[in-house]
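One structure follows; several queries about it will come next.
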Amino acid sequence: MEIKFRSDNTAGASTEVMAGLSQVNVGTALAYGEDEISERLSARFAEIFETRVSAFVVSTGTAANAIGLAAVVPPFRSLLCHWNAHIYDTEGGAVEFFTQGARLVPLHGQLGKIEPTALASELAAGGSARLHSLPAAALSLTNLTECGTAYSVSEIEQLARTAREHNLHVHLDGARLANAVVSLGCTPAELTWRSGVEILSFGAIKNGTIDADAIVVFNRQLAMGVTERLRRAGQRIAKARFLSAQIEAYLSDELWLRNARQANRMACRLAKGIERIPGAKLHFPVDGNIIFVSLPTFCIEALRRDGMEVWHRNVDTNGAPIYRLVTSFETSAEEVDGFLNALGLAHETRKARD
Amino acid sequence: MEIKFRSDNTAGASTEVMAGLSQVNVGTALAYGEDEISERLSARFAEIFETRVSAFVVSTGTAANAIGLAAVVPPFRSLLCHWNAHIYDTEGGAVEFFTQGARLVPLHGQLGKIEPTALASELAAGGSARLHSLPAAALSLTNLTECGTAYSVSEIEQLARTAREHNLHVHLDGARLANAVVSLGCTPAELTWRSGVEILSFGAIKNGTIDADAIVVFNRQLAMGVTERLRRAGQRIAKARFLSAQIEAYLSDELWLRNARQANRMACRLAKGIERIPGAKLHFPVDGNIIFVSLPTFCIEALRRDGMEVWHRNVDTNGAPIYRLVTSFETSAEEVDGFLNALGLAHETRKARD
Amino acid sequence: MEIKFRSDNTAGASTEVMAGLSQVNVGTALAYGEDEISERLSARFAEIFETRVSAFVVSTGTAANAIGLAAVVPPFRSLLCHWNAHIYDTEGGAVEFFTQGARLVPLHGQLGKIEPTALASELAAGGSARLHSLPAAALSLTNLTECGTAYSVSEIEQLARTAREHNLHVHLDGARLANAVVSLGCTPAELTWRSGVEILSFGAIKNGTIDADAIVVFNRQLAMGVTERLRRAGQRIAKARFLSAQIEAYLSDELWLRNARQANRMACRLAKGIERIPGAKLHFPVDGNIIFVSLPTFCIEALRRDGMEVWHRNVDTNGAPIYRLVTSFETSAEEVDGFLNALGLAHETRKARD
Amino acid sequence: MEIKFRSDNTAGASTEVMAGLSQVNVGTALAYGEDEISERLSARFAEIFETRVSAFVVSTGTAANAIGLAAVVPPFRSLLCHWNAHIYDTEGGAVEFFTQGARLVPLHGQLGKIEPTALASELAAGGSARLHSLPAAALSLTNLTECGTAYSVSEIEQLARTAREHNLHVHLDGARLANAVVSLGCTPAELTWRSGVEILSFGAIKNGTIDADAIVVFNRQLAMGVTERLRRAGQRIAKARFLSAQIEAYLSDELWLRNARQANRMACRLAKGIERIPGAKLHFPVDGNIIFVSLPTFCIEALRRDGMEVWHRNVDTNGAPIYRLVTSFETSAEEVDGFLNALGLAHETRKARD
């Protein structure tokens, strides 16, 4: 029984990334990021983002988020994020650990996006109701959101502007930034620092590398806060060249965007196919590579008979499961069509029976 | 100018490890260690260590040490280690961070080994002088030591017994465990749990993997303490199969021991050659792959003229540098001999001149 | 301009407490709680609560809450409390600090009381939605609540039972426990351990002592967790006899209950008087010594002309201020009546004018 | 059996302090330090120290030290102190807890004073040997030292200058500052900020208050770091006027210096008497109110027969106990003479017997 479209984490690594890894396994190189490839990484990111940056390779997305946020949120402050944010919901308290006790204050908003009025009213309340509590030091956004939607450039701008007006730093969890960039057709710069983002978790693992993500610091005054924490966090990588080489391959020839485009296209194909199934219901616009869908019980049963499962964590207001389907750069049209066929067949069988 | 024998961290990855990595890049696999390879890893370690264990793959040795120690040392306790221990001297306070404020109490001892009397008197003092302070919860040993010497099985046994008598847990930083095992000709079991070690940082990165070390828990009651901390620590690896595959390859066909044997042999060859240079002085027995040596100034100058440097961090009582030379599984006899020839030539030139 | 009924924290100390303090200032005594008075304190609390307890004197209510909770919630777990809980809203992240990074998960409920269904659904969600996050380790209740209402014995029982079914510890913030006890007419035992409370912040400062609160541990297995943290927390009091003497006086001859009774009576008198003012609106039942009230603007203006202010932090749905009035053991009938007269006069003047 | 001269912590409170406490127990006052007395405290300290300061009242000396140090030492840095420092030896890891994981690096030195060369060589090593570790952020001195000696003004100046040259902050644990000031005959200013001290734990509890010490910040840029931590640390005192009143009484009419003078005089009288006992040996100069002494066994036995004990924690190189005798402002000449008589009598009896 295979769970189909379980996560983009279940994919392997891009061929180009594996090749980069092999090429770098020649001779010796200075450890801890003093090798050539690691040293040119910030410059490489600077090209991608069209501005000077400080970039740090880390081995997990959780480390990227938690260390980046620790650099901007002191222990006696709070940070604002969406209720569905990965840092709030899924990372086991890593932000609390790395910040050494800061508080995450979750905000509401449709489609996985923080509602500007929710942000504004929280910040207004911060001046009175939170008088004796932990004033916010940062806003953390996630793009692609956990609902699979993309914040537009102007949405990011608006939230970041409000945050900056209250002296909050702006952090972006870009675990699926590539998917958002290709979805919106904007530049990486537009979706980050030009919109007010100061520090970014640049996700690569879900979209082609093995175990190399990066912290990209646009507001370079914040870079020292990352540097000071890396070794202590167990994230100064001895053979850093191997992680840097993954990132380098990932950024070369727009591989990161090509991979994201493939994942998004497959999600789109999948969503369109599902929409045709009577009784199926998409819950959010499919801006990237994540689909949330309700499916009739007979569909689920049919999939199971074919050795396929889908995965859910949430339920709708009736307690019925909402399935999350995630495509990756490795997802093929055949795979999508096979799945859709199984669903379609289930439906026809059902119709015939009725 | 190349720094020769700078560290075993400057080596690449074993061919077998790279092959393992490539083989695993096929199709999808469950993330976060629920893949097949990751799931059989504890069993694989159990074979190596001839006992049931719980094993956890992590991406750095610092993470292995700090998470393992956090599982056995509460924040309001201390842990005993050698003054030269990597956890005390080189890891940027990672143990303080992961334990959330435990204290490292450094102990003296020749050759990088904790002197049994130093341990005993610290523990005795703990009952009176430390009355109001942080009682010790663990002893952390390092084998191979930072001086390149190996604790014998009976030395480990003796220290561990004293520790256990005072209800301390026993941790081993085995960043170079393989080098110690082949040096002593004992089994991995003898050098660890049979001698009283309860939790081990199993080093692999310095000896053949890219970025896969492991925490191996012999006292399995301690395993939950590791599990609870991994995600929070940014060490739940999404595509874990790639790290587990490295470890699997590293353990297969005794690759880990073969690699260590090569490194040790080369260190031995290097040490023997150096001993013949008049004015050179080895500071410690060369049990593994690390050599500490004083070299006449003219030797250093001659090396430099040939484009070679050696690295030092310590000085002797006269302020003269003590050089640390580290060999790895990739070190070849040619490389050693080339270096020795440069030294020998320097000496002869000098003699001729005098 | 005096702010009337601002807080029970603005009161002084009971005469009996001051006398206890003076009596103890004779000769020398062992420090750090080894004096006679401190040593008999647990026994004294055992009488009050009709069961064996371990009691620890601390100098602030925040320390009592944070240290007590740190003893039951590990850093990688969460604790459930009401949105209005003092620990969530007013203590500056002390719980996050003392637990070293645990998360506070706020729950909804009318009248400052956690809704049993909110607790149940959070705990149910904890099994699935919070799969990768911080499972709850404790439930913290507050009685008297921050709304000035009292949980009944059966309400506490119900919530505690649910918590225990999910292996949560049960903590009670009893900053105003005395006010709840006299309000409900139950015994201290019934409202605490007999209802399932395992560890209690026993408030005394707001009700008669200067700076002595206590942590009372009913589940004595949890006592060591408090002991281990006190010194480290800066709460091992050198001249402890002076704090213990305050508590002893506070518990003698039911002073604590008599003080609370006076405060509650005055709040009742105040509330009844306010209810007669047209346009005034009480927001919650007045179970103890706290009143939340909306007052017509002309009342506020009249008070100001008489040199009186009232204090607000919250607003109603129209943005109009909701005033919080708190009485204490020192509040006199004259003080209440004077305030009510000013309000009444304001109303009559108004009526005459209209 | 009474332990004589056990600690200055066993004394009560000065009559003037108790009077100050009673006077302040009138009417209501704003809580959390917004009362009149608390608000004028910084000004009062400014007079004493002849410079503007920010002062914060706290309820224990450990809280003063740990919060003050947390304001100047980030979690990923270390601080230097003497091996015998109270913060290292006796406070249960409070500094590690409040700094959230900084490391205390203990330095050697005779008489409880850090040896300037030990400081210099540690700081020099910090540039190389500690390359990968926790660079020092502060130096913490203790005056009166734990050996009962006093650093002179020029000794403080020298150490502070070295510290400042390496960009370290300078902290002073002044648990017994008053004893040092009267011993040296200098001004409080000379012994603190004029010598380079930036932040001070101003001890009062051991010398006359009940439970009020203060953090006095000379480098006022550091004051915010204290403010941000107080509430979170459980040290924002609700009825602060009662603690401030203690400090105010303690500072009035030079009570703090008069008390210290009495304690010092009694220690001097005691030391002089002991010196006359054959076989007794003083271990350090008696600059303040602490004496470390070896006493012949028959003296100890004679004391015991008279119902007196002395207390020891340390032993000399032969394993014989070294007794610590501490006088306080409450110690009388009669008490000292009675003790000396018992010793003298013991000696004479012995001589007669021999």
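Order as written gives the chain letters A, B, C and D; numbering starts at 1 within each chain.
By definition in this document, a residue touches a chain if its C-beta (ideal position, glycine included) is under 8 Å from a C-beta of that chain, and two chains touch if they have at least 3 such contacts.
Remember, predicted model here, so these are calculated numbers, not experimental data.
A.B. asks: More contacting C-beta pairs: A-B or B-C?
C.D. replies: A-B
A.B. asks: Which chain maximises the distance between its CA centroid and that of chain A?
C.D. replies: Computed centres place D farthest from chain A.
A.B. asks: At what distance in angstrom does the C-alpha mean of chain D lie from that of chain B?
C.D. replies: 43
A.B. asks: Determine the centre-to-centre distance between chain B and chain C, using the mean Cα coordinates as centres, and give it in whole Å.
C.D. replies: 53
A.B. asks: If you average the Cα atoms of chain A and of chain B to get two centres, how far apart are those centres in Å?
C.D. replies: Going by mean C-alpha positions, chain A sits 35 Å from chain B.
A.B. asks: Two-or-more-chain contact residues of chain C, please, as numbers and ranges.
C.D. replies: As it turns out, chain C has residues touching two or more other chains at 75-76, 91-93, 96-97, 100-101, 132, 231-232.
A.B. asks: Give every residue of chain D touching chain B within the complex, in rising order.
C.D. replies: Of all residues in chain D, those touching chain B are 75-76, 78, 88-93, 96-97, 99-104, 128-134, 313-314.
A.B. asks: Touching chain C in the complex: which residues of chain B?
C.D. replies: Checking each residue of chain B against chain C gives 74-76, 100-101, 132, 228-229, 231-232.
A.B. asks: Residue numbers of chain C touching chain D in their complex, please.
C.D. replies: Contacts found on chain C: 6-7, 9-13, 18, 21-22, 24-32, 58-63, 66-67, 91-94, 96-98, 205-206, 210-211, 231-239, 242-243, 330.
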